[in-house]
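The two complexes that follow have chain A in common; it is paired with chain B in the first and with chain C in the second.
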Partner chain A sequence: MQDIKTTVRSFVVDNFIMGNSAAALADGDSFMAGHVIDSTGFLELVGFLEDTFGITVADDEMVPENLDSLDNIAAYVKRKLPA
Partner chain B sequence: MLLHQLFEHTARRTPHKLALVFEGRRCTYGELDRMASHLARALQSRGVRRGDRVTLFLDNTVEAVAGIFAALKCGAVMMPVNPLTRADKLAYLLNDSGASALLTQTELGGAYRDALARNTTVHTCFVASHGAATDRDARSLPFPDLDGSGIPDDPQAIDQDLAAIIYTSGSTGEPKGVMLTHLNMVSAATSVSTYLGIRSDDVILCALPLAFDYGLYQILMGFQHGATVVLERSFAFPVRVVETMSREGVTVFPGVPTMFSLLMNMTSLRERNLSALRAITNTAAALPEAHIRDLRALFPQAKLFSMYGLTECKRVTYLPPEQLDIRPTSVGRGMPNEEVWLVDDAGRRLPNGGQGELVIRGSNVMRGYWRKSDETLNKLRPGPIPGEMILYSGDIFRTDAEGYLYFVARKDDIIKSRGEKVSPREVENALYGMPEVLDAAVIGVPDPVLGEAVKAFVKLKPGASLSEREVIKYCMSKLESFMAPKHVVFVDDLPKTDTGKIRKTGLS
Partner chain C sequence: MGTDAPRPLDSSALDLDCAAETARIQQWMTETLPRMHKRGVVLGLSGGVDSSVCAALAVRALGPNKVFGLMMPETDSSPTSAARGGRVAEQLRIRHETVNIGPALEALGCYRERDDAIRVLFPAYGAGWASKIAIAGGAMGGVNFFKLVVQSPAGNVDERRLPIREYLRIVAATNYKQRLRKTVEYCYADKLNYAVIGTPNRLEYDQGFFVKNGDGAADLKPIAHLYKTQVYALARFLELPADVVGSTPTTDTYSMQQGQDEFYFTLPYAQMDLALWAHNHGVPAAELAAALGLSVDRAEYVYSDIAAKRRATAYLHASPSLVTPVSEVGG
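Moving on to the complex of A and B:
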């Protein structure tokens, strides 16, 4: 779980976060409300999750509950990965 | 008639009708009008007067909608700014417009605090807070509680006053403020809603930014006719938007090609009940013919409107839906109460079947660019009646034998990505801000989802090194995200003209 978060956090920080605000991103923060990731950015994020974790993100799974914070992503990816 | 009076008349006529749905919140016309009046009173108490500029730097929210009408009720000029805007550009916009007030929100603190620190014209900044506000700037105040009952003083405005300044990207790289009077905007809202047939029982879905005139007019036209507007923060989660459309019984769906392309990639779309949908509108960029076909197959009961517009006059043309089978690639003809035609290089009117620059004559044509008289003279030129001005679009079209218009090319080099205008110069200026960059050239390349993607060619200084990601990330810190390059190519040299300017023809 922590590994997923660390991996995704570094992707988000590398690609979307400017300057020194990276430290301020809490695991539960909404990317959308905080203007960290915009609509095209979410498509990039989904591509990254699929490539990195070998999962397929279905249309119906592209919802904030699965993608809009580090906590949500970690829980979602964990559910998708074989136990 | 003033622009906000369209809304106020509806609010008086049907105060209990549902005006706005946003994230579970439902506001009637009466409630929304009271919110706007109270906010207007608060702005006036802080010294905002007729003709002052009020900048709206907000996500799509109830506060943004109230802010639009509050600014107008004060007789002020509303200036919507895309919330993706970064600090440098926001500072430019506040300074260029000489804004008096700024309406914003805590989540945008990264941009507005820095911009405000470089601005002296703003005396009041109301910050909508969804968290703890930590502003040190004495001008920053909590957003007034919209439950109040303040009544603004009548500013004695007339329809020749400016209602809005909307900034648009220009080929010079410096954004230009399009000045629109109340008459301009009432005329545009009336013409567009006439051909779309907007009615009081319509439910309009707006997932477009309100800072984009296409989004803004969904509110203006919907409220003019007493319809309900379902406002979405964005189109980032299309599944959620479609769920909302289904739940609220949405009848009108305005979109841009990128949104339609995301929608049609959704395999579960067919399982949703969108049977109430009666009109789909597209503008900002042309829909590929295949998408037109797919959209009509998906929503056979809905009329599809292909349209073309410019911020300088809001909308120019629309294709009547019944013409779609006959001329699928046409953007149609001029809208009601507006005249458009093509001219040759000498400004002579061309007959049907010709090719030339499109010019526009109508009450919807802007008053000019804010404090940019040279650019204004270039765009607005004398029309047929002494004293009137007509708009030169800068776009080349051809007409068929019946006078229907087909887009050919832009006269400038502006890129259209995600339906937004991107000035290559603005992106190049940002690239030159990187100390490693020696030369840069930016072009648009075809992209299946974005329409055009921004591509940068960069020549580094000797010994310098940068990665594609570093360049993109730097641009995202300076520019709205849709302007940041999607592709960066490092080159040893860029082709130059005899005068030493970079030659872009041949780059791809």
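Moving on to the complex of A and C:
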């Protein structure tokens, strides 16, 4: 779980806040509310999750409950990965 | 008796005094153009209601001799678009020309790049096929994403969600169309010492439904403050041709027929207009839901999507960012 979060955090920090460490990102922070990721950014994020973790994100899984924070993503990816 | 009981939300919120609005826009145009030291206006005529209304308003303000219309069809354009644009130009008695931008787009690789990206998802895609992009997700509270829809020569329709890489390739390629049209408009404007009119309505302007440095580029935008419903009202008032007044908004960018709502907005334009008006006037989602026959959840999604699109497209409106303002030139 922590590995997933660390990997995704690194991607988000590198790509969406350009490594700007001043922009602190807590595990539960909403990417939408914090204006960190826009709709195109979510498509990039989904591509990253699919490539990195070998999962397929279904259309009906493209919802904030699965994608809108590090916590949500980690829980979602964990559910998608084989036990 | 007071009139303090608020009226329930309905389409009358968008009622417009067309005569007064036309006079206001005319005056604004005649005052604005001299400040730009320009002698007239150029605009693209798509055959749609927005550009037709802008042309008619410009003729009212400046006279037909100071308005120049351009029809700029390309390979994927509906054949009716340029013809309808031409009829508007004839009715308004303005000078006009048709510039087919298809060969230039071909030379730039617009179609090849788009088709290569489509073939990543649908390897059989080629001659005789048609395609379009449709938005999904946001209307139901999800994250907005795009589906690629293709139609085979036999008429079979298939669709798949667009991965980011192919989505960006297709958008980049098709944006050539709007940017090339604007290049042509500015060429004519430079030649005539005219200004260029941009034709977005409020829905498009507010929600960022335009291409930066493409159809988003202009010197004057006469109807950017008007909801699409109001633009149709002006079209009737200005007695534009019946097929313009009754036209359905399309993108006219992809080879399959594509409504603007399908491509970008979460509701058909008349409902989207009312939703945007309601959002702008602080109307609770429950009241919008009642007016449009939607669930309250769905109305809240529409409000969220309006806000999300504003955030996502703010950069389209923005001037280039400078390290230090250059106040001497207002930058």
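Here, the second predicted complex is superposed on the first by the 77 of 83 C-alpha atoms of A that agree within 3 Å, B and C clash if a C-alpha of one lies under 4 Å from a C-alpha of the other, contacts with A are read in each partner's own complex, and residues count from 1 in each chain.
Going forward, a residue touches a chain if its C-beta (ideal position, glycine included) is under 8 Å from a C-beta of that chain, and two chains touch if they have at least 3 such contacts.
Fair warning: this is a prediction, and the values are worked out from it, not measured in the lab.
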{"item": "Dominant toucher of chain A (residue count), chain B or chain C", "value": "B"}
{"item": "Touching partner for A:15 - first (chain B), second (chain C), both, neither", "value": "first"}
{"item": "Touched partner set for A:63, first chain B, second chain C, both or neither", "value": "both"}
{"item": "Touched partner set for A:47, first chain B, second chain C, both or neither", "value": "second"}
{"item": "Set intersection of chain A contacts, chain C complex versus chain B complex", "value": "32, 35, 38-40, 42-43, 59-60, 62-64, 67"}
{"item": "Chain A-facing residues of chain B, complex", "value": "83-84, 107-108, 110, 130, 233-240, 265-268, 418, 449-450, 469, 472-473, 476-477, 481-482"}
{"item": "Of chain C, residues touching chain A in the complex", "value": "136-138, 141-146, 161-165, 167-168, 308, 311-312"}
{"item": "Residue ranges of chain A in contact with chain C within the complex", "value": "32, 35, 38-40, 42-44, 46-47, 59-60, 62-64, 67"}
{"item": "Touching residues (chain side chain A, partner chain B) in the complex", "value": "14-16, 18-19, 21, 32-35, 37-43, 58-60, 62-64, 67"}
